[in-house]
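You will see chain A twice below: alongside chain B first, and alongside chain C after that.
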Partner chain A sequence: MAQPTLTFPRPVFAKLSPHPFLLRSLCPQSESDPAGRTNGRAPREARSINIHTSSLSHAHGSAVIRTGDTTVICGVRAEVLPVASIPQFRPRAAFEEETETSKRAELKNYDLLVPNIELATGCAPQFLPGVPPTALAQTLSTRVYSLLHGSGMVDVEDLRIWKRQKKEGEMEVDEDGEEEREEQELVGYWVLYVDLLFVSFDGNPFDAAWTAVVAALKDTKLPVARWDTEREAVVCSRESRPLKVRGLPVACSAAVFLEKEYGEPGEGRHWILLDPDRLEETLCREVITMVVDCSSGETRIRAIEKQGGTVVGRELLRGFAGVAEQRWKEVSKAMQ
Partner chain B sequence: MPATREPEADLSVLPKADGSARYSYAGYTVTGSVNGPIEAQRRDEHAYEAHVDVIVRPAAGVGGTRERHLETTLQSSLTQLILVKNFPRSLIQIVLQVESAPENDYVNTKLVQASLNFAIIPALLQTAVLALLSAAVPMRATATSAIVAVVSQDGASELVADPSPREVEAAQSVHVLAFTSQDELLLAESEGDFTVKEWDDVYDTAKRICCQSGATKGESIEMVLDEKGDNGPDMRQFLRSTLETKVVADLYWK
Partner chain C sequence: MADRRRINGPPGATIPPIYEDASDKSVVTRQPPRSRPANAIRQTYLKTGVTPSASGSAYLEVEMAGKPGVSGLKLSCTVHGPRSLPRSSLFSPHIILSTHVKFAPFATKQRRGYLRDPTERDLGSHLEAALRGAIIADRWPKSGVDIIVSIIEGDQDRETSRQQGDEAWDMMNTLSGCITVASAALADAGIDCVDTVAGGVAALVRDDADNGKPKIVIDPVPSEHDKIEAACCVAYLPTRDEITNLWFKGDMPDDDMATYMELVQQGIQASKHANRVLVQCIGETVG
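This part shows the complex of A and B:
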């Protein structure tokens, strides 16, 4: 007589003991039952990405990103900031050379890019209503802020609003560039409020959030603004021009799954799971995120974040750059 | 305060905490206290392991999003070091108070800043490890950390260990790496624009700072003489000598 065995359907097994559940599906059982993750993907397989832009009618740029069950909406809204209302505003002196560093400092000092992330109630069970922003939301928004400023995607030149005065009789004469520059005066800036809302959350929030930011910025069209001398205010015309976005940084994350749930780190086998979902994220401690930009032809790394374990060393991290390149190709294809 | 060239540390500076340390290097001074294992709050309690709680307090003002990011980073790294499985259902609390940070005369200093603060991570991690050692919390390994910036000067890029805030601002890329005492890469945070090759060079430099061992002391002195001493300090040796000094002082009565 056969021994009575205790069997559960998959969802019950996943709820009761998530770690053995994932481990069992990663270890090949037989020829007919190939190894894979519980979500049916191979360890190095990311979820396909869907991007839909310009869906919000009142934002200057917007994008909806969906990868698996993670859905993020990003809206970019531009507001005019007159220089008179910037505390500690310091106009650039004529002798000061404008460098990449000074441009970035300008964006940062006057807070011209303001990202905010909201992990909405109901997007995943762990987010409760009526609580202050979780540590995850705060960490994510810090990382997005830092990458937004560090990657130099937005040029401060695009956000400046000028007051252009032309003297009588000099209307057509434009022989000297120097002279023309003297006549314009900086009166304000566009401030870009980049708001992200997680509609549903199924792991890998940073990649989805960052892709949404990039897609929304690429979609952003700013109205043409100028200084009206009679009204002494900034006026915008109906025509708009697209915001110039330099480069295409793409984030690629993975988590390291260890064979022993409560064993010592470093023993047993490990798997590197690309684009982890929520179940996998709760079971993995070590995470790695790499932001790469291959738009210039060669692979430039924009950020690395690796923490929470000692499995990923130098070799694995180097190899991960290749995985990130692959992901860059997929995302850049989806962006078009 | 002038930036100290050599790292300095005092152990057990706070009388009421289980363990504490004050660490200062490269313009940063951080005081850390460790209490634990203590009873965990119901929501933090874990059935199989201790919960590690890290609180970072900035030098001025209240903590914002960047402090949450630092706490998350340190928490995940320190959980790897502490033998958390030995203390199920308990809490190990680490509080890090920044006392001073190097001033930057070139930029408007804002009280609340949202961007990542890479330069402070080594000081915080080093303080946390020293305070944990002072509190005699069982650990799998200790850790040392270093910050390296890639600064491009006249077309050639140069690696600068422990960069000043001004250098961090102008740097092409900034990297923070931490290694355990078993020479494993514990933490790697980078920002900027760089290639895999550059990261490799940075890895070598950071590893030299973090993982020079006392055994190769004779060689390292020669190396320092050769390379004008810009290798940065030997962090692992510093950690060891700080603790040795403390143990000698404590056992003086014997």
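This part shows the complex of A and C:
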């Protein structure tokens, strides 16, 4: 009598014992069975990225990003914040010099960038609507918020609305006396609501969300606004001008997979998995994110975040900058 | 109190941009009048399986009339389940449907908040009624299924939807899209239904070009007509010849039963057109 054999398809193993499943896949077994990740990628291989902009008609700028099975939609919407409704508004005195720091402080103090991430669209079984935003959604929103301010991509100058429409090449402080200066009064700001919606979620949400934010901001066109003295309100004309976005920061994340599921980190072998998917993300504790910008010709690191373990040291981090640089090239190619 | 779990932006109120020509009626660019026949629906694109991690999912896009390439409606739907109900819930001999309809903040002319508002709840309950009639509910006792529709783009082009009072009629088109996309996602999830339900809209419109004579059109685009008198949204099962949900709205004389019947009949026609797209889409996935 033949012995009944018990075999399961791969998804069943992945669900029953995910850690040994991924571990076995990463260890080379034989010549015919090369080592690789369960999704068929090499450890340092990211998913290809697909960017589509200007598909939404109600947003001032929008982008749809697809990397593997992660799909994000980002819409940028501009609204007017009149100076009168800012509680602690302090106009800049003429003698105060405008510096990069003061501009950034202005952007942050008046809270002109409002990013929010919505995961509760059923994009994965753990994110269902009807409950308050999950911890992950809150963390992602906060990370995008701080990176938006930290990277200095948006210049506050672009968001200011003047009483009189400023013309190209005109100096901000003019010498013609009081009358002119009064016309150059600041009446309001544009507030950019950056809303992100996950249509499909398969790991590495931050990289996808950040790429979507950058692509949508690059696509944003603000209406030309001026002060209407009759209506005492800011009115816009139908023509618009593109928002100036400085640099092209690209986020690159990787997760560290340990050989031992339990036990001290640092024991046994480990693998660095670039652009982790949902299965890998649940099995890895240590995650590293690096935001680099190579648009000026040289690689500049905008942010490094690392949490959950001590495997990644100085040497690994240095090597990771090279990986991030490679990723920057891929993303910037997709942006065009 | 402000929602502390989200980033709320500046404490002062922000105003959506006011355009200088908005109040000037003469400048308002009117949408060209309806060019397709009264009994034809707009081009519809439907695709299943957009969210691999969900049990079933679908994406629907309806072409913007008069402007090729620009779409008027973009919906994405995911279905999770059937799954067991939590232990704390009461016994149920049939499957419990929970439907959520949510507009994305950038879906409409006015920015939408993240909390569900009454129109979204209303759409959700209409959708539930439409689907409940199609699902064979007693095949899954003690279980529940979540149906989530995200409206990525919910009314018309920004330039054309400036006229007042459009939104109420747009809601009908949105609901009919929600029904069709949810039906496709249910089929993708493999949940047994008696038939494929699809939504259709018919409206009684009055155009100045026709000397103000009312006429019935299907799949109306509010900006293409001068006035919409009444509209009805029908969820219809074609092989069973059954209506699972009927939503009628508008202003009509109460002695004119024939027009009422005709409007519903045209709604069924619109639904049949949508069903053809739906069946073709499901056929592609399965076959």
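To be clear about the criterion, the second predicted complex is superposed on the first by the 310 of 336 C-alpha atoms of A that agree within 3 Å, B and C clash if a C-alpha of one lies under 4 Å from a C-alpha of the other, contacts with A are read in each partner's own complex, and residues count from 1 in each chain.
Methods note: contacts are C-beta pairs under 8 Å (C-beta built on N, C-alpha and C of every residue); 3 or more make two chains touch, one makes a residue touch a chain.
Computed from a predicted structure; not experimentally measured.
Applying the stated contact rule after C-alpha superposition, one finds that A:N50 touches neither chain B nor chain C. Applying the stated contact rule after C-alpha superposition, one finds that A:S296 touches neither chain B nor chain C.
Looking at the shared chain after the overlay, A:Q29 reaches neither chain B nor chain C. By the touch criterion defined above, A:T229 reaches neither chain B nor chain C.
Between chain B and chain C, more residues of chain A are touched by C.
In the superposition on chain A, A:P129 makes contact with chain C only, not with chain B. In the superposed model, A:S141 makes contact with both chain B and chain C.
In the superposition on chain A, A:K306 contacts chain B only, with no contact to chain C. With the contact threshold set out at the top, residues 138, 141-142, 145 of chain A are in contact with chain B in one structure and with chain C in the other.
The touching residues of chain C, when paired with chain A in their complex, are 5-21, 50-54, 57, 59, 64, 70, 76, 78-80, 98, 100, 102, 104-109, 111, 114, 116, 146, 148, 150, 152-153, 155, 157-158. On chain A, the positions that touch chain B within their shared complex are 88, 90, 101, 105, 108-109, 135-136, 138-139, 141-143, 145-147, 149-151, 262, 264-266, 285, 298-310, 312-314, 317-318, 321. Those residues of chain B that touch chain A in the complex are listed here as 48-49, 64-66, 68-69, 71-73, 76-77, 79-80, 85, 107-108, 110, 114-116, 140, 169-170, 175, 180, 182, 184-196, 199-200, 203.
If you check the complex, the residues on chain A that touch chain C are 56-59, 62, 69, 71, 73, 75-82, 84-87, 110-112, 114-116, 118, 121-125, 128-130, 132-133, 138, 141-142, 145, 191, 193, 195, 197, 199-202, 223, 225, 228, 233-238, 278.
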